[in-house]
Amino acid sequence: MNYNWDWGVLFREPYLDWLISGFLWTISVSLAAWILAFTLGSIVGIARTVDNDWARGIATCYVETFRNIPLLVQMFLWYFVFPELLPYDAGMWVKRELPMPEFTTAVVCLGLYTASRVAEQVRAGIEAIGQGQRNAGLAIGLTPAQVYRYVLLPVSYRIIIPPLTSEFLTIFKNSSVALTIGVLETTAQARQIEEYTFQGFEAFTAATLLYIVVTSVVMLLMKLIEGRVRIPGMISLGAK
Amino acid sequence: MFGDFDTGVIFDNLHFLVEGMQTTLVLTLIAIGGGLILGTLLALARLSRFRALSFCAGGYVNFFRSMPLILVIFWFYFLVPHVVGRPVGGFYSVLVAFVMFEAAYYCEIMRAGIQSVRKGQIYAGQALGLSYAQNMRYVVLPQAFRNMVPILMTQAIILFQDTSLVYVVGIKDFLVSADLVANRENRILEMFTTVALVYFVICLSGSLLVKRLQRKFAR
Amino acid sequence: AEGSMVLDRIKERGTINMGHRESSVPFSYIGNDGKPQGYSIDLCMKFVDAIKAEIEMPDLKINLVPVTSQTRIALMANGTIDLECGSTTNNLTRQKQVDYLPTTFITGTKIASKKGSGITEIEDLEGKTVALSLGTTNEKAIKRVAEANGINIKTLMVKDHPQGWLSVETGRADAYASDDVLLYGLVSKSKNPADFQVTGRFLSFDPYGIMVPQNDSLYRRLGTATLADMMRSGEIHKIYDKWFNPGPTGINMPMSDTLRTAFEIQALPH
Amino acid sequence: MINLKKISKWYGDFQVLDDCSTQVEKGEVVVVCGPSGSGKSTLIKCVNGLEPFQQGEITVDGVSVGGKDTNLSQLRSRIGMVFQNFELFPHISVVDNIKLAQLKVLGRSDDEAHKNAMRLLDRVGLADQADKHPAQLSGGQQQRVAIARALAMDPIAMLFDEPTSALDPEMINEVLDVMVELAKDGMTMMVVTHEMGFARRVANRVIFMDEGRIEEDCTREEFFNTTRGERAQIFLSKILEH
Amino acid sequence: MINLKKISKWYGDFQVLDDCSTQVEKGEVVVVCGPSGSGKSTLIKCVNGLEPFQQGEITVDGVSVGGKDTNLSQLRSRIGMVFQNFELFPHISVVDNIKLAQLKVLGRSDDEAHKNAMRLLDRVGLADQADKHPAQLSGGQQQRVAIARALAMDPIAMLFDEPTSALDPEMINEVLDVMVELAKDGMTMMVVTHEMGFARRVANRVIFMDEGRIEEDCTREEFFNTTRGERAQIFLSKILEH
């Protein structure tokens, strides 16, 4: 291999700063997008299971639209096409005045995209519980909303912890797509370092390790949560 | 902005885009096939009684699940030639990367599928005198597979969208081809809108098919 | 032969692996026919001819390997490609990893904006937004000059040139700063070329060169000699005109005096 | 108390209930039996509005179940229901299962709900299991908790849908005993069950359903002693024989 | 034919089987009963090696089940087993369910296996359902197919684990009838069941289990007529009463 290794580059100015700031951007984009995705995904997922054709229809359209277009393309559409569809003033405001435009767009896009997948999990979780529990809730006089709040959701969120963990991991990995609209997150910084120094292997190794660290922490965290909320006496929630 | 939407650029480069789509499809199909086979073996290993085997399989899965696919592709491009001992070209290294990466996901799906087959079914097969391999082959895996068809398809749709990451090693799938045209002709808006539509139509058909299958297997 | 690892392996394989870019118009890009073409490719072909002669293999096969900015160094380091024909800027940091043949093109950072925007020089960007491509030398240049002159500029990072251009077209940014050759290409390819302008002084100089593996002076000398011959004979001017004046993409960039001088200086005698 | 008038219901093209009429008076215990798929569960779910129906009218204590401006939640809170698979809420403790609706529907204070829950648990013999989770109990215990949960709403009537058919044989009686007690205390009950022993002991009337129709609707004495329609005859012989 | 000597088995710390010994002679029908969780299923699964055990020895037709070099697959193919939940293979047709092991284990020709399958389906009264999938049959029909599937291996003995407890009441008899036929034809059978009617009609011996131990092991007459241990007494009163 005709390559001059220089691991020191990772610890030199300004490259170390770049990596750190990239890592922080990865974390902030991912977490902000996750909050959006989890909230909206839950709402949409619930809407897909309620007894109202309109709500179900809209939620279905949402899911089908957002999960059937590649994230990369959606990122582009949000950044360049969306403002053009607005009235001129609003469009200009989005383009010029929006605080931290790349960050905001990335969070919105990644959040909305992931929401469609979270919605599917939430729906699957609710459907896995079955009609019996819903009927039992209704039969003691709970309103449909209360049935969701006190009966269906607490159990279905527990059921879907493993797939939700996967989505949570995926959002960190997908956050790298934000570099296409100029968010300087980990992967983008690794590329920058490579462009400046031609020490690509070092830069990408650092990026890979950073991702593995984050995802390991997330997996651990979700395992902890799963253990904390485990229902005594139940072996497997999904089984029923 | 949409007033001067230039559709000509799409037709001028149609054959190029079609070639890209072929690459996308070939990559997707091979990655699904290979990933499914390797993933199933991994799932069997993960569920195996032998601690060492299931531990290794678990490690494999967690490792690949923590890596962004794009970095996996990047690393494989440089590592595979070293392992094989000669340059293999982008396409084959990407195939290996996809198969190994997808295997981690398919392993988890098939594991869930195998676990969704009731213990009693395994007992029933054993009680008839089927060997472990026969029991897996004729009783458990067909059911596991059938139960998981919808999830497998969903994963396939994700994979179909993800193939564009092969641009890092210079392979031209559909999205990459479109991006190239966009760059050369400076018609980025036209190309990306087209791409969005094409993906939407194909993936939506895919997920509608999933629904049909789901209903069919729901019985 | 004594000590050219690269020539030895080319001979042994019977193939030369040529790295090329896919969208560096008009240096190295995929044409309508799906094949790589461009100014750098033509120059490299001359180099390949010289290699054929040197190792006495007239039917040497050429294998075209697409590379990206992330893979080019790694591929050169692990021996996959024997030369890279793109639009790679030569600088000293990068020379830690690879060697360069003589400069074949000189460009520099300039600014493209809408006509009538009143922007000509970087000083006019005070308080305005300029789009910059991630990881380019242009980004460094603009930031350096702005800081040195105390100009307050908002920057907008974009993934690639078309996106930078689209930012200007849609009004997200007031200007796009990049290598002038690329800016001319973008203007010529836009829907209304008359609406845009490329202005200002050079804010940086970026010499492009063909990359070759390090520590193989024999091989590099062969390349240097080939290019020097072309510069001396004027052949390089013809190739230049073929791609830039006006060129198949209508870029319309007559050779600058700087580049002409550079060619003269680099046309070393034997 | 419960009044069904010419109820018909379809799932798509398939008619599940066909012109079913009957009534249950206050304090009466009515047993519903019939072959699998004959529509028993569907009928009983229609009574508290868990299943909508297309034709006919059901009134409970004078309130029309299918009525446009009926507050279904309120109506349901006044009718207790017990399911084949218990359907306790797995994520909260036994006592919280019984308290939930008291707190959220009836708006009782935590203290009052708790006292009431403990009283009912005591009544079904499970006061010592209050803090366990449902999955930690046996099937028979779970079903008794489910009955307590229904009773906590002070219902005016109770519906049971095969309350013992998911139970191990030796647990069936502990549930039936609670139900017999309830019947003797004068609770109005509609019970889908195949336990003819239970029917013999406490039923005032027995309804036999087949293919969505009410084929027999008569007093216990008539049902067990006189000759019945052929289908009912065959069915009864099957479930009584072994 | 089947010989159990001092079998003990633990799940972790929990002892499921405690020193169980009994034997079943050729042509004998032995019914196993006892409360839920007493270890009946575990015991019967040990007999054909579906569950390993830690202590004791089981021999079937002279072959040791726990033996190091016993070919378990071959042994199992000679013992038929029927499960509570039928466990037909849902992805293949009824006749293929019966053919599968004949083809793959016994290596019979497709033709021979098919003939045999049809003969057995006829025997359990389901020849006309051969090409349906299991899910299209009622529970009782599925269980009869499961019996046919076991018989297709020409077993030297049959094990049943609560074959009727997942069935709707009106289907129980159609399965029991097939089992009674089988017993009368001289099949060696070990049957876990709570159907005491069945025990009364064909059992040679009845075993009562509690907490992993065999508490009673006596002839049918002794079991039903003489006074038994207290636990068995209570249990029997519970399951016979309703």
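A few points about this structure:
Should a chain be cited, it is by its letter among A, B, C, D and E, assigned in written order, with residues numbered from 1 in that chain.
Just so it is clear, a residue touches a chain if its C-beta (ideal position, glycine included) is under 8 Å from a C-beta of that chain, and two chains touch if they have at least 3 such contacts.
No experiment lies behind these values; they were computed from the predicted model shown.
Separation of chain C from chain D in touch steps, taking the shortest path, is 2.
Counted as hops between touching chains, the shortest connection from chain A to chain C is 1. Distance between Cα centroids is largest for the pairing of chain B with D. A separation of 35 Å divides the Cα centre of chain D from that of chain E. Rounded to whole angstrom, the centroid-to-centroid distance between chain A and chain D, based on C-alpha atoms, equals 45 Å. Look at where the CA atoms of chain A average out and do the same for chain E: the two points lie 52 Å apart.
Within chain A, the positions touching two or more other chains are listed as 76, 80, 84, 201, 204.
In chain D, no position touches at least two other chains.
Counting partner chains per residue, chain B has residues 1, 74, 78, 188-189 touching two or more of them.
Chain pairs that touch one another: A-B, A-C, A-D, B-C, B-E, D-E. Every residue of chain C that touches chain B in the complex is listed here, in rising order: 17, 22-23, 25, 29-32, 34, 65-68, 70-71, 74, 78-80, 160-163, 165-166, 169-170, 185-186, 189-191. Put simply, chain B touches chain A in their complex at residues 1-2, 62-63, 65-71, 74-75, 78, 108, 154, 157, 161-162, 164, 175, 188-189, 192-193, 195-196, 199-200, 203-204, 206-207. The touching residues of chain A, counted against chain C in their complex, run 1-4, 6, 76, 80, 83-84, 92, 95-96, 101-102, 179-184, 188, 191-192, 194-201, 204.
Per the touch definition, chain D reaches chain E in the complex via residues 35-36, 138, 168-173, 176, 194-195, 197-198, 235, 238-239, 241-242.
Residues 118, 120-121, 123-131, 134, 138-139, 142-143, 146, 219 of chain B are the ones that touch chain E when the two sit in their complex.
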